[in-house]
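Right after this note come the structures.
Both complexes shown next keep chain A, but they swap its partner, so chain B is in the first and chain C is in the second.
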Partner chain A sequence: MSDFSLYVNKGTWLNKMHPYTKLLYILAAICIPVIGGKLWLFPVMILCSICLLACGRTLRRALPLVAFSFTLIIVIFLIQGLFNHANETILFSIGILTFYKEGLLYATRIGLNILNMLLSFAVFVLTTSPMELVDELEKSGFSPKFGYIINSVFQIIPQMMKSKDTIMDAQRSRGMETEGKLWVRVKALFPMISPVVMSSLVNTRERAIALEVRGFGRKNKKTFLYERPKHKGDRAIGVFLVLMIIAVTVWRIVSCL
Partner chain B sequence: MPVIEIEHLKYKYPNTKRLALDDISLTIEKGEFIGIVGRNGAGKSTLSQAMIGLVPQFYKGAYGGKVIVDGVLADTCPVEEMCEKVGLIFQNPFNQLSGATETVYGEVAFGLQNLGIPADEMHKRVEKVLKQLDIWQYKDRNPFNLSGGQMQRVAIASVLVMQPGIIILDEPTSQLDPEGTEEVFRVVDQLTEAGFTIIMIEQKLEKIAKYCDRIILMNDGKMVDFDTPEKIFSMDDLTGIGVEPPVYTTFCREHDLKRQDGTYPVNLEDTLSIVRNSGKKILLEEKKTEIRKVAPQDVFRVEDLEFSYNHDVHIFEKLNLFLDGRSTAIIGQNGAGKTTLVRLLKGLLKPQSGRIWFGEDDISGKTVAMLADKVGYVFQNPDDQIFKYKVIDEVMYGPLNIGMSEKEARDRSMKALELMGLKGKEQMNPYDLELNERKMTAIASVVAMDTDVLILDEPTIAQDYPGRELIGGMIRELSSEGKLVIAILHDMDFVEKHFERVIVMAHGKILADSTALQVFAQDDVLREARLQKPYITELRQCLG
Partner chain C sequence: MLNVFKTKLSAATIVLIPACIGINYLGKLIASVLKLPLWLDSIGTCIGGCLGGPIIGAICGALNNLIYGLTTGDNITLIYALTSLGIGLVVGILARLGFMETFPKSLICAVGGGLAAVVISTPLNILFWGGTTGNVWGDALFTLTQAQGMSVAFGSFLDELVVDVPDKLLTVVIVYLLLKGAPQKLTSLYDVNAEVERLD
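The block that comes next holds the complex of A and B.
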């Protein structure tokens, strides 16, 4: 797969699961704690996602995503802990900064929610081939043109990005300054952008011809190279996830009555 | 039985005045190998695209006459239907990849999926064609990560798998190194034997003359003639319409060695046979390489150069090289280290150890900008640099950047444009020019900078005979002015004809460094570098 995709095929059972089952997991992971309304449900789902990532042997690849989310979570804790409009109960102080219980609880809920969403998406993104997802979407009736756009993002854009370095070298060779003051850098942008755009357009025209002569515009029903083997866990896991969502919903309604 | 019938075909691209195809009529029989030759802009690609219906369906424009392909009118049958009868392969292998698959296997199957072929049949066809083209071993690789020759074979496989009866190849080897070119010709040879109708546009006329049954000669949108290679290349004044006959034909014409039918031979075997039968002892004189008195100081001196892109793979280890004022061609397969070497000379890359001297200056630590007025570098793809809306502005960009006055920049730019055959096109938008002219614009834009050294990366790509002659003339002129011209090239006949010094590289090492005559006499070196001799050298050696 190209550098643009985070997916790596580790040959685990998670890789073999149907993309729709994994999409259903995202839905369940987000809905269960939100509908359930209990804070402890977030760590449960986060733990589930961590276990799945470990099973998929992709836990290490998920760490940069988690690290990135922590920056955001820390900012939320600072703002809510210090300035939430409901802040009343002082929890602790660091120098002149006073943190309140209400704000920190609110921040905990948001932070856990972010982490939960991120990890459940990580389960999907890190274990699902974009090509496979597109194939399954097309089998379900999505337009092949829509599928092509998604696939080409993962294949063609990285190639375009590679050409950017060559273009920069070509312009520097003709004396273009790329270092120095802001104005010098801004001036260097145009000789960079124009060839990137124009060569992309030229390439696009040729690629359009290449697609035409390979029957891309045909109206008949497209066939697929691979029939995805049915994974025996897909159905069971799908049913289990739906039942969990229903159970949490019922539990919440009952507890509200 | 004709498989293609063209009757009075006329075509004009939108927003143009000139007919790109002017009253073309011809028939092509099933199983024939047809070549289309002519200068750039003669209408070769337009004619081939009319055979699959891209002209006029994709390009629009004014269209008249009839093109019947396998009983179907090409201008009305949708291209996506026609692709089952006619396959098209064009110059740039990169742009032919669909960009929708991540493996060679999936790429080859892409067209079959669109045709709605059942999965079992697809697997059978893909496996067969990948093995046929000897790319089965790459089936799980990403097609974008293959070499040019391998990528072009994937493109051919992707078309072949759809089982069209007719295959059109539009200069499929123009962007490939010698080995990639051989790979493609080997495949085309197999296809001919398998009974496909092949239509091939090619500037490598020795190759096309060897394989073709008949050749369509085009000029200014008109079909000049359609006959056997021997008859076509025996025509008088071919160079006047931008076509240089194969070296064998030129040689036999010079020595009045004709075949029984009064034509000149077009390949080596025929030439040798006619020479033998003539009973004459004819020797082909060696080209005298003019050894100019060079300045006592070397222009570049490379000492113990070491370089690698990553720590595992060393490109150069203790490389030593002296470059004087002689025009120098660097030849070798892709991956030999040629481009890396010239990028180091230009300062675009920095050596990990060792030194590069430019005259008395150590340039290892200098920036590209500091060298811009001394060392010019023309990149392979002109579209990597063109960004102005007028040719003259594009050419003046470099001279103005290095501090020339407006007047001096304009004067030098006009001179450079004239040298590259672009006089009169100064006010045109470079993007309205053909690829070969854009390449000339890119060369002119660096020549106008009046640098002491000019480095050219594959200057002859997409050039026809007149274009190659212009570049050859430019190299001679700059050399006579005392400038050092260095070029990376895959066109061995061009190297033989225009360069005083030839450096052969392979695996980051210099295998040979001498005159063209001496280098091309070293069979073992050429074998190790996987290069072929120029046709003229091969002929000379065969004649003894």
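The block that comes next holds the complex of A and C.
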């Protein structure tokens, strides 16, 4: 497994949970505030995700993911706070910039939604091995070809990175400039990208022949190398999450009537 | 009649999909190494569309974003799976209709792919981020249109347009040059209308 995936096995109960249960958690975390329509539901779900991340001992690894989204959130706050069409009530002003209540409220909603989605995905991504997810998908009826595609992405990318580094060094030693004005950098693009892409395309031919020789296209039933131990909590948590989504939906419908 | 959507699901096309996803990742990486103000993250999707046809292009695009979204935690990418799917589909269809044969025609193909991206991304941008795209140049333009009092939809459309169309132009030009240089023993693997002749 490469360092391309963010997953680390810490041996906590979150690692042992079924991937589907964690996917259901993402669905619930995103649906509940959106269906519920109340602003306070976002912080509740965000707190929930943070607690889960802490349980999985991956809170620190989630930080860079969140930090990445902050620039986006700040841009949204600036644009909506200053220029939203519904802006009427002035909240405060810094110099010539005037921030309005309506725009900021809208930005808060979007910002919280982004944070909520990011954190709930982090719970899944940081505690689930992609290999395990693919295995489970195949067991529940996805085509093994599909499984092959996903697993081989994880093998191909580190290979391509290596050949990219080699080619970049080779081209630089021939005098290609990779720094400087925009035009210089644009010119460097093609000599860098074409050898890597070409070699990986040519490799596909050999890979295809190798696979066909090993009976890749056979239609008979495939067996699995790993048996995953069942976790007791999967069912209970799954039922609870589905009930929560139904409860919120009912609550919204009732409050609308 | 030439069937545009005809797809061969051989081992060769199955192997092509992960390679294309890798190329997408590589394009994005090289764009960031060279600090280009473009994404270049759909080179692989376009290659998939040109070689394997629209269906393979669409699968490449959608899987690309799903895999990155679910492994690197970058769920902003995840939402744009629809956009990538559209790009792969449109470029694939246009390539099958012969728009990748000459250089001027490939530019039309690029604009088609770019417009597909704009049309699908704009509603997603408005829905999730209130109209911004996260690209500096596009967002500056968006801010300008909002300050002028234009509608969010129009501003967001322009925001996406100025970023996506140049991006796809460069992408398709790269793809065109690459595929022109690709050896025939490779491209013939993906030729759907090829007949296998038996000697016995």
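Operating definition for what follows: the second predicted complex is superposed on the first by the 232 of 257 C-alpha atoms of A that agree within 3 Å, B and C clash if a C-alpha of one lies under 4 Å from a C-alpha of the other, contacts with A are read in each partner's own complex, and residues count from 1 in each chain.
We adopt the following convention: contacts are C-beta pairs under 8 Å (C-beta built on N, C-alpha and C of every residue); 3 or more make two chains touch, one makes a residue touch a chain.
Given the structure is predicted, the values throughout are model-derived calculations rather than measurements.
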| item | value |
| --- | --- |
| Touched partner set for A:L211, first chain B, second chain C, both or neither | both |
| Touched partner set for A:R174, first chain B, second chain C, both or neither | first |
| Which of chain B and chain C A:R185 touches, first, second, both or neither | second |
| Touching partner for A:M131 - first (chain B), second (chain C), both, neither | first |
| Partner chain in contact with A:H85 - chain B first, chain C second, else both or neither | second |
| Touched partner set for A:V242, first chain B, second chain C, both or neither | neither |
| If touched residues of chain A are counted for chain B and for chain C, the larger one | C |
| Which of chain B and chain C A:P195 touches, first, second, both or neither | first |
| Contacts of A:C51 with chain B and chain C, given as first, second, both or neither | neither |
| First, second, both or neither for A:K222, with chain B first and chain C second | first |
| Chain B/chain C common contact set on chain A | 148, 152, 154, 156, 159, 190, 194, 198, 202-203, 207-209, 211-212, 216-217 |
| Parts of chain A lying in touch with chain B, wherever the complex brings them together | 1-2, 129, 131, 144, 147-148, 151-152, 154-156, 159, 163, 166-167, 169-177, 190-191, 194-195, 198-199, 202-203, 206-218, 220-227 |
| Sites on chain C touched by chain A in the complex | 9-12, 14-19, 21-23, 25-27, 29-31, 33-37, 40, 43, 47, 63, 67, 69-76, 78, 128-132, 134, 139, 142-143, 146-147, 149, 151-152, 170, 174, 177-178, 181-183, 185-186, 189 |
| In the complex, chain A residues that touch chain C | 4-7, 62, 65, 68-69, 71-72, 75-76, 78-80, 82-85, 106-107, 110, 113-114, 117-118, 121-122, 124-126, 130, 133, 145, 148-150, 152-154, 156-157, 159-161, 164, 168, 178, 182, 185-186, 188-190, 192-194, 196-198, 200-205, 207-209, 211-212, 216-217 |
| Interface residues, chain B side, partner chain A - complex | 52, 54, 58, 78-81, 83-84, 86-88, 90, 92, 94-102, 105-106, 109-119, 122-123, 142, 144, 158-159, 162, 343, 346, 348, 368-369, 372-373, 376-377, 379, 381, 383-387, 397-398, 401-402, 431, 445-446, 449 |
